[in-house]
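Think of it as A, B, C and D in the order they're written, each chain with its own count starting at 1.
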Amino acid sequence: MIRVVVIGAGMVAAHLLTGVERIKRGLEPWGVPLARYRLDKAIEDIEFVGLYDVDVRKVGKSAYDVCKELLGRTVPVPETLKQLRVSMGIHLGSLRGLPVKAQGLEEFGGVAEAIDRLVDEFSGFGADVFVNVITTEPARAFETIDNLERAVESGKVSASQAYAYAVAKYARKRSRRVAFINVIPSPIARDPAFVELYRRSASLVLGDDGATGATPLMADILEHLAERNRRVLSIAQFNIGGNTDFYALTLPERNAMKEETKTSVIEDILGYSVPHFVKPTGYLEPLGDKKFVSMHIPWKTFNGLEDELIVNMRINDSPALAGLLVDLIRIGASLIEKGVYGTCYEVNAFFMKAPGPRGSRNVSRIVAFYKMLDYLRKLEIVQ
Amino acid sequence: MIRVVVIGAGMVAAHLLTGVERIKRGLEPWGVPLARYRLDKAIEDIEFVGLYDVDVRKVGKSAYDVCKELLGRTVPVPETLKQLRVSMGIHLGSLRGLPVKAQGLEEFGGVAEAIDRLVDEFSGFGADVFVNVITTEPARAFETIDNLERAVESGKVSASQAYAYAVAKYARKRSRRVAFINVIPSPIARDPAFVELYRRSASLVLGDDGATGATPLMADILEHLAERNRRVLSIAQFNIGGNTDFYALTLPERNAMKEETKTSVIEDILGYSVPHFVKPTGYLEPLGDKKFVSMHIPWKTFNGLEDELIVNMRINDSPALAGLLVDLIRIGASLIEKGVYGTCYEVNAFFMKAPGPRGSRNVSRIVAFYKMLDYLRKLEIVQ
Amino acid sequence: MIRVVVIGAGMVAAHLLTGVERIKRGLEPWGVPLARYRLDKAIEDIEFVGLYDVDVRKVGKSAYDVCKELLGRTVPVPETLKQLRVSMGIHLGSLRGLPVKAQGLEEFGGVAEAIDRLVDEFSGFGADVFVNVITTEPARAFETIDNLERAVESGKVSASQAYAYAVAKYARKRSRRVAFINVIPSPIARDPAFVELYRRSASLVLGDDGATGATPLMADILEHLAERNRRVLSIAQFNIGGNTDFYALTLPERNAMKEETKTSVIEDILGYSVPHFVKPTGYLEPLGDKKFVSMHIPWKTFNGLEDELIVNMRINDSPALAGLLVDLIRIGASLIEKGVYGTCYEVNAFFMKAPGPRGSRNVSRIVAFYKMLDYLRKLEIVQ
Amino acid sequence: MIRVVVIGAGMVAAHLLTGVERIKRGLEPWGVPLARYRLDKAIEDIEFVGLYDVDVRKVGKSAYDVCKELLGRTVPVPETLKQLRVSMGIHLGSLRGLPVKAQGLEEFGGVAEAIDRLVDEFSGFGADVFVNVITTEPARAFETIDNLERAVESGKVSASQAYAYAVAKYARKRSRRVAFINVIPSPIARDPAFVELYRRSASLVLGDDGATGATPLMADILEHLAERNRRVLSIAQFNIGGNTDFYALTLPERNAMKEETKTSVIEDILGYSVPHFVKPTGYLEPLGDKKFVSMHIPWKTFNGLEDELIVNMRINDSPALAGLLVDLIRIGASLIEKGVYGTCYEVNAFFMKAPGPRGSRNVSRIVAFYKMLDYLRKLEIVQ
């Protein structure tokens, strides 16, 4: 059994919760990368024990009700989710500027008290793995545990950082090895402060920013071109969607968080820099969670001529990330059992747009996949 | 120095000849896959010593004149190509149905005599590497050397097979290790008859059907999807162009040659079969050598939802293949020096749509690329 | 009230029947071209009185059951369709080569008897408008009523032609003005024989081949280019889908029927001929009724430079045609009341790929639309 | 003879000048909308007499040198352009924020003096038609001639407005009917102040913002959908390019100028508002003048189902606009001869994204085209 707490009760959480429950009832595990392989932990081992949010319309409701509202017209929502309730989380302005009435635990005391309250709740849940899927927020790395602790005391942390700090505190206090999985752009696995904090309690942080959507495909296409020594001339990648994350990304300081994690991959793979325009481009409510992506890549081929490639996609954003999380939860749980702590580049390199630790090189996803498989096989996590 | 004979003086040959000569004069080697690596043989080591065709308008002309006519409006044609002349090759109906007046050596005696004449000419050239880039032709495998030899005697071979046989005979007669590189769909490297024939003279055949255009990219995209366990529902891949090969492929028996090499990759990579429509779709003269490709791939993602991908490309068909040939020539020459003979799966797996030997599994191109690099590094062909 | 007989109980019929019943119950009439205008006849006036097919699994079933099987997973099927039953129609090989067990009335006597039986049934229904939506079939024009009558006697007519003949006979026998709407490629409205036959009984035939999908959009895009005097260099239009009609169109003699109606538009609009590849390209069962279309159009712009346009679509084939039929039924019923007979170019020019009568010029759809509106306003069919 | 002054010596001007000169020498007039029709004025009647810019690297050079630098690698530049020299124009900050060293006449005295100097120069040229193709600038309408004149006195006008004012002054002073053609977004033809100012001297202003690129095509596609009553759900239109105008449009206040003219068309054609994202999206220098466009339009079709359309284009931005200018110059010259003054909606409606006068409705381009033809035929400008 893997006891999982999900932070952020939005679309990704809704797909993760309903998807896992539906797989337990027989749905094919499409979209779960390693479902074709035999893993140490089965999908059926995943049990959701906690769920946090700060949207006042969600706090106190059952996961069933939240999923029903978000997904009810798209997929059947299993009744088992009636057991799980949305607890109030930490806000810290993480939804500022968004059209949501939010309230966080820190408003009833302060950040330190809110964190202590979370630590108590996590203990009650007996949680092993924490998944962070809150909306993209502005945040910057702390570099050292000292800086981080000072920031926590003065309340100058982002919500993700407060959660990650609370989880580490819980691990230390309960002498429990845990995994914190961060699939949003906030620097956690690439902040030396958090990696060191988790290492000290023999725990693990995986992150940052789950590699779904257009950027992993772009990475593999660039690898394809690089292997033929085609000279990429420019890269345009437009993304537009209608979910909360796209709305949030129309706010410049949140957009900046995303652009960084999306473009670092280009030079890493090609070996040279290329003029590019790669970012979440806009918000169109009717597209909902199924974003539209358009990419344009021209290149010089042999004998000086020019080719070009256009990719258009319609991608369900949240299920793609939820599918990755199913494996990240299973792998995270296995890694802590095997004694891996701090962070784990081999796993991050495949699953994350900005793989920690800091300074790690991006490789194409296909290359990362086989390296990860080798690594997990050596640890006997994958057969 | 690598002494190269090119069979088929069409667009691919024209790009290969002009491109290599231009690189010798300073053009960047874009489109040559391993140009970024340090190889045993330099591009500058390539010397073209022979060129064959059966189009009566080409035979006897200089390579310069042929390239000028085919490419003169697109790229500058180096004067050095005035030294090389088009010799008459073997026809055997390889251009039947195409709007070209053709004449082959076999019309002046018979197939066996034509082959002997070629052997003599090859000896005069002192050739090491042979490149087969004639137009797609109908052909089937012979399985055994006996069958092959009987077919040669009775003249029931395709032009490619006759050339490959002549090259093997030349190798045996001159005790010379040679490489025959087949980048059209005719089964040579995946015909046990030819692999055995070349093995006997310590020579090497590489093939079949150079992996350019849409299919290698499709292979890498399918690998990308497979690694995320996305369930591909169907695959459509349309190709349309205006070069001779597209014209030839409007003839059903030639089209069938191509469809086989294009679709074997699907099940190999996904692990299951998928309804697909993948073939050269039509001929549109104004598109010339720059074909238009359209691909459509829908799939099931996590939680039962459906995504889809559309890829559109404009690709210069012939330069892409010519770029691969630059490396195949260099690698072929090195492999025979290192004592590799028969055929070489590790190299074919990356460069060919239908990699020999028979029964070889297709893997995604990105995976094949790194395996090939490892292999060539062990042999000290790549540093 | 407009009493309608639908011939062919496939996807188009299923969408027409369920769509109209759902609109009666409040569904917005999207996809019905003139729903924004005030017409003489309301959508609610349409009453379906007869439904014909030759598929033995359908004959005798209720329209509800047939629609449920074809569309049940996509849309709710109204219970009112339980009143309508599928009658056995005329086969005449119209499904030959398709994976369907078919049986027609003519197998119980002969073509002439079958036609008489239909005339009796039509009389029983008191039908006004007939809609022909059977699968694309091979057929050629008869030119004169004599030829047509001889062909009927000897049974050498296609199913559509037999139906159209039966409807004309019914009109004559009952002295009733009727409209026959042919939205498949068989030449009816562009066969002088049928136009004359209908004129003689003051009745009307509209056709041929409903203008849905990619070709009408292509026509308007070509008009757009022509108005800017951009020189179109080539046109590629690929279509692939998974419904019965796409399956039928993999059979060459049926495909030829379609190509003709799709390409006549090009020269009519541009004023010059252009190399083109425009046809139903293949069959991919998983795409179902939602076809994938890809178009590529390059052109010369000012100062000798070249632009290009790529269009990709996912289109529900049958609902698009069903939407047109809602208006064709209403307009057809009004036209016969207003005394229009023979055929009606103004209406065909907008609704049909191959507008009758024979020799009519294709104009862009946008131009045809406004001309039709003017025409219908003069007749006070549209306010 | 039509004596033309071109304001702004950038890419559009370069294509206009070289294109017209090349047409005089035999190049086909592709991209000139009415070249297929017989107009009152021939393309050969166009004579360029003046050319203005504020880029210090251009002022004083010949048009030949400027065109050679901008287009020399793409098209041959006729020697006749050596006669025409770039005069210094008015700057007024119109290039502020762009990487160009600029200097304007107003820096040697003031705005009023600069305008007088221009009036003198225009008199020297004996000019009839003025074409404004400077880079997109921020500007707002003045509404009344009083406001406009006060702004001119205090120097608070944009460069385009200063030019338009100078041209009107020239017309009044010389009692000469002239046409001012504004194909950038600044409000001239839709500013009642300028329309009235021109009316008073029996002159004509045409504008605003030439309808090239993706938006006119989008308009015709929306008309196509509206005529089928398909319910458009959302519209995304991305544009990215590498010319100065795209660079300028990365500056927010210039981008806003463009977005307004691009989106007004949507509601005008559909009759309802639709969530949309339609704007110049980014700057990618390697794309140069050949921009990449991506559009995505989903809609509801009949029976409640959903279709979608994706359009991708590579468009040479400047030649498209230059082609329109050839006709605008010819039509403008004829209109003033026929006594049309103020502005001319019938012509603007086809040629302009934001057709003046203020409050004019956008119609689809195809509809506008035929209405304009009728109008010009009545005036005997087109036969």
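Following the convention adopted for this analysis, contacts are C-beta pairs under 8 Å (C-beta built on N, C-alpha and C of every residue); 3 or more make two chains touch, one makes a residue touch a chain.
Because the structure is a prediction, the values reported are computed rather than measured.
Chains that count as touching both subunit A and subunit D, per the definition above, do not exist in this structure.
Centre-to-centre, using mean CA coordinates, subunit C is 44 Å away from subunit D. Distance between chain centres (mean CA atoms), subunit B to subunit C: 47 Å.
For this pair, subunit B with subunit D, the centres built from the Cα atoms lie 51 Å apart.
Among the residues of subunit B, those in touch with two or more other chains are 308, 310, 312, 314.
With chains as nodes and touching pairs as edges, the resulting graph is a single ring in which every chain has exactly two contacts. Chains touching one another, given as pairs, are A-B, A-D, B-C, C-D. Taken together, the subunit A residues at the contact with subunit B in this complex read 15, 18-19, 22, 27-36, 74-75, 216-217, 220-221, 223-224, 227-231, 271, 290, 299-316, 319-320, 322-324, 326, 364-367, 369-370. In the complex of the two chains, the subunit C residues touching subunit B come out as 233-234, 236, 238, 240, 242, 275-277, 281-287, 292, 294, 296, 298, 308, 310, 312, 314.
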